[in-house]
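The structures considered in this document are given below.
Shared chain: chain A. Partners: chain B in the first complex, chain C in the second.
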Partner chain A sequence: MDLTFVVTNAIIVACIYGLIAVAVSITWSSLGLINLAYGFIFTFAGYGAWMVAEYLTENPFLVAASGIVAGALGGVIVCLTVFIPLHDKPNFTTRGMIATLAISLIGSQAFLIYFGPRPKALPEFFGYWRIEFLGTTLTSDKIGIVFCSILMLLVVVFWMRGSRRGLEIRAMMMNPQAASIVGIGIRSTGIYVMAVTGAMAGLAAILLSQTYYLSPFGGVVPLIKGVSIALLGGLGSVQGAVIAAILLGLVEALTNKFLGGQYVLMTQFLVIIAVLIVRPRGISGLLDKAREQ
Partner chain B sequence: MSGSKQNDYVWFNPLTVWGTATGNEKAPSICVPDPQHVWDESRGYKVPTSKVGRFKHYIIWPNHGGRTWNRLRWWPTRRNLLHIKGQYNRRTLAAEKKIMDRRPVYWALCLLIIALGPFFFPASMMNTLMTAGAIFGIFAAINVCWTLVIGTASIFSLATYAVVGTAGFITSWLSIQYGVPWYLLPIIGSGVGLLFGAAIAIPALRLDGFYYALLTLGLNELCRVFFTTSQEFGASSGGLYGASTFVNDNWEPMTQSMVAYYASFGLLVAALFLFRLINGKRLGRILRMAPEKREAFAAACGVDYKRARVTIFIVTSIALGFIGGFYSAQYRGIAFSIFGFETVLLGLAMLAIGGIGKAEGAILGTLIVVFLDQVLLELGPIRNIMIGVLMLSAVLFLNNGYFGIKQQFNAWRDKKRGEWRSSRSEKGGEALPEEATEIADKDELFFRRFDKLQRDYLKGLVTPEIIDEHKTQPLGQHSEALERVLLYFRRARMEDKYALHRAGPEGPYKIIAFSGQRGVSPRLVDDREYGTLDEAYHGVFMRRIHDLMES
Partner chain C sequence: MKEVLRIEGLSAGYGPLRVLHDLDLVIHPGERIGIVGLNGHGKTTLFYAIAGLTGWQRGSILLNGQQIGRSRSQGAGRYTHKIVRQGLAIMPQGDEIFNGLTVEEHLDSGAFTPEAWRTRKERKEHVLELFDPLRKLMKTPVGRLSGGERRMVSIGRGLMTDAKLYLCDEPSLGLAPKIGLAVLEALMAIDLKESAMFIAEQNVALLEGRVDRIIGMHAGKLKGEASSGVQLGSGG
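Entry: the complex of A and B
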């Protein structure tokens, strides 16, 4: 239990929940939708991967890929049921949020009926090797988690920077009305955004399943952690989410070390509230540039 | 007017007899039709109309005696019992009373139904319905308070159940540990609610709506984890039970459930009074002045909306704490499920189904969700899916829940009416009905209408015959058809007219158009040149004919 161990744990937690936080952040800033159905997408992806592992193949790459694809599919489902019918209606933000909550209610009950309450386990993806690094033993799954999530984040960030679709999404973030005037389809962009962010949630589900089991209500905790990180980092800012993820991971690891596990959420929320009182739009959220809708 | 008849007709200039004729001596022309036909055609009302218009259905009571007013008031205020207007019937001249606002009648009826419910429940489902009724009362009270927070104060807090749960757990714990009697539990709960509310009101001052919603969602989870993992609050048993209660164990089971039912009904009525006192009085009116995104305007008018919001938030938190203490006094304790994500979801479902911001919406939504959740127990997890589907469809199709349907339907009907009306109204000089109300000078409207009729009529007179007649002799006496067209042209406004510009001393001529504005010179219409004056006159005539046929 030294500082390196604390920091590595912090980074691992930050990586997984950071993925969901970035997904929440991108969805809010480009679509104006507070998507609280990431818990549903998370579970959907986990069960999708589990079905593939159970009935088709145990190949880790295929299982992981199917989880990511299932996550993207879940995102598209949410987009088709919530964003596309509602995006031009009055009170879109409130109604969108309530609709995503309704989807998570329906989804968790449907999983409960179909898969039963017993938790399920996914196969190990990263093998059983370990290396020594700066005096700490790093197991394979930890390295794999960090590597995969950082890779996914980089891919998404570079795709948003470099591709045509990414340009469209960034235009929507700046000014949705102007973007639609110059010919960017709000609905098609919505589908891309939700597919990509769904894939991120799917990857988070796959990675978290290396540590925890899958269960019908297992999406709630990752959702709440992801939302807290996004809130702390500032909705709409990817680098803010990354900073916030590392900060909250550190707080979690330090609380675990010095106070005990049951105080983790308390210290985290004290930190979040303290930061939000000073900066109401989060660490790197700008007051004026935030999306007004 | 058939074509052959028109061709047969030859016009003779009546002045030739006297030898003073100018213009043509005779010319083939057309008979002038009767303008009455065009008038009747144009002025007929072709739109299908129904006999019944839109009117508000008021309840009208016959009057007793000669008075058309009454003085029944809510003691000790000066408010009238109902908003009633006395009037005399136009046809029969009998005195009658018209109820202008029917909502108190409906409220009284619905509350009466809930109050008398236990006497009409079927005996086979008595137990289930009484339990569900007690739960309905408490949850409806919570949701009415939540409506105050979300609707009136527009603070999107999702920590309502966390306040209730915290107060419930702390009062239960105090009651178990120190033997605090049941009648003190709601009061202690109010104190807990005050502390909790004050603590979470601080971020509410700084944060925007949805940031606050996400934060409170996290706080709810924080409370859940804290209470489920702590030693004192009975981590293992799924809840904390054993508090002092007002429901005596020695009573008959039926009496116990009756007491529980009416106690929670009383709580609901108290919550409704709180809603009325806050939403319908000064605080509510202040905040109706400061809706979202117009806070700056309200602040400029001297409305201290932040203070009003926080006041409501804290008062509501006290009420929620009271409900928490009441809950543990009624059920001898409280379960961890009050903090669950599912509970928040079900609560939001209740609000979303009925309509956020209205007390009646909160109560109807609670009734539906509690009925599905507590009465149809044999359906299993399908219940929650049904609730979710209801919530989703309410949000997808309704702007503001069930009690927003009327407003949404009226808005939709007005939109459709406007579309139909504009699709069937005729254009072409006449004003649209929407436009007509904006034009102050009604002479203008009548002139436009007359002008359109006249143009319609004159279009029928424009034939090759009269054009030829004008070409041979533009000036002088003409046949009646051509003369009518020319008179119309001469009467037009200056900016609709043309003039001739003589390029040299003897021609050629070019057509110019007046601008209609003083000081702005006429513009050249086109480059065509006319050698003689008569050709130029005819050119102007043809241009005017063209304009007439285009309009």
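Entry: the complex of A and C
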């Protein structure tokens, strides 16, 4: 029990919220948009997967895949309704934040009206087996969550490093004006960014649905945690977000164990505030290889 | 022969500030043109206006016969990537570099047309022939390079596609004289074929005898023009 149990729980929490944090981070640094609509995308993906499971097929692979696709679609919707109309207007950062928050709130209400307040369950994706590992029992869903989210993160990181679109996105993250000088279109790249990060939020929704039921307001807590992890990691850094996710996962697991679940948000935000007082740019300031301008 | 660039009645500026005043300019294929003038007289703004990066602009700009000079009042840079795709290579002042990308990724990012992307290996090799010092630095993040090396990267990035017009803003700015001269020599070594090159510079002596025409710029207007055979005296 004890230590390994705390660590495994920390890793699982880190995996799910880390996905959203990395998505928030990438969107902020490449598009300059603090996307608070991930709550909406998250719920959108969950209900998308639920509709497929309800009306088409119970096949776990197809249901999970449809959740990811629905997440990507949700990202594109947010891009088309917020980013493209607003991105060259004055004061875009504030306007974008408010517009995405509005989408999140309107979206939740729409889900409430359409699907009703009753929580929905998705099928189990990972079966019911379990293994013993270092004295702790690991259930299939825990292993599946960790495996899937790390896989997704690796795919995204390698895609960003290896592909041409990834190169464009990274270029835009570092210097948007120079990006347009070398012929990278902000709006077309924006759609790719939002689709990929939406897919990440979609996967997070699918994975979390293995533990919690789907509900119209189910996206709020993941959004808050994702944004706060991204802040702690230093907005804009993927490694920073991953490290912050592990740190906050650890805080959550330790709080759960020693204080009780109701104190989780308090201890997490205390840690975030403490880190941001010491290092205002978050964890990622420690990781920068190149000199800042 | 078709002109590479024809500017008519171009005015541009930022907000209430008007920097360029009704410019006219024609550039023919195969030409290297120098534009000289003091700080703050509009050389960079002229380049930005061609690229669609100024706050507002009006007047006609034809790049290779296509109109790129819309009248605009907001959204600087909104069409820049499209103009760049029509055949404009910009080597900006102060380099506009992506600090965290390696030299190789930089050169790749310059190859944005599908054709250039397919042939990017040969193109990189071609750039390395011009700028040999970059060869050992291909995997280094650009944020760690020296000023001269950065300039080479930013120029090399512009050379990764087949542009109609190369805009080169102060290639020797902030570099030691010897390195600045080497960078300029490299620019002269580029085979222009049907395209043209437009170089802004403060040091007339560097351009003299190397470019086809030198145009002066003063207070947002083009003043005087000399073919480079004419001696302008020592420096300006």
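By our rule, the second predicted complex is superposed on the first by the 283 of 293 C-alpha atoms of A that agree within 3 Å, B and C clash if a C-alpha of one lies under 4 Å from a C-alpha of the other, contacts with A are read in each partner's own complex, and residues count from 1 in each chain.
Here is the rule we use: a contact is a pair of C-beta atoms (placed from the backbone, for glycine too) under 8 Å apart; a residue touches a chain by one contact, two chains touch by 3 or more.
Small disclaimer: the values here were computed from a predicted structure and weren't measured.
In the superposition on chain A, A:Ile143 makes contact with neither chain B nor chain C.
Touched residues of chain A, counted separately for chain B and chain C, are more numerous for B. After overlaying the two complexes on the shared chain, residue contacts for A:Asp88 are found with chain C alone; chain B is out of touch.
Look at A:Ser104: by the touch rule set out above, it reaches chain B but stays clear of chain C.
In the superposition on chain A, no contact is made by A:Val157 with either chain B or chain C.
Once chain A of one complex is fitted onto chain A of the other, the partner contacts of A:Leu167 are limited to chain C, with no touch recorded for chain B. Of the two partner chains, chain B is the only one that A:Leu235 touches; chain C does not reach it. Looking at the shared chain after the overlay, A:Ile272 reaches chain B, while chain C stays out of its contact range.
Judged by the touch definition given at the top, the superposed model places A:Ile186 against chain C, while chain B stays out of reach. Contact residues of chain A toward chain B in the complex are 34, 36, 81-82, 85-86, 89-91, 93-95, 97-99, 101-106, 108-110, 112-113, 217, 220-221, 224, 227-228, 230-231, 235, 262, 265-266, 269, 272-273, 276-277, 280-282.
Residues 88, 164, 167-168, 170-171, 174-175, 177-186, 288-293 of chain A are the ones touching chain C in the complex.
Here chain C touches chain A in the complex through residues 51, 53, 74-75, 77-78, 80-82, 84-85, 90, 92, 96-101, 105, 108-110, 112-113, 117, 141-144, 157, 161, going by the rule given at the top. Interface residues of chain B facing chain A in the complex, by the touch rule stated above, are 156, 202-203, 206-211, 213-215, 217-219, 221-222, 225-226, 229-230, 341-342, 345-346, 348-349, 352, 356, 380-382, 384-385, 387-389, 391-392, 395-396, 399-400.
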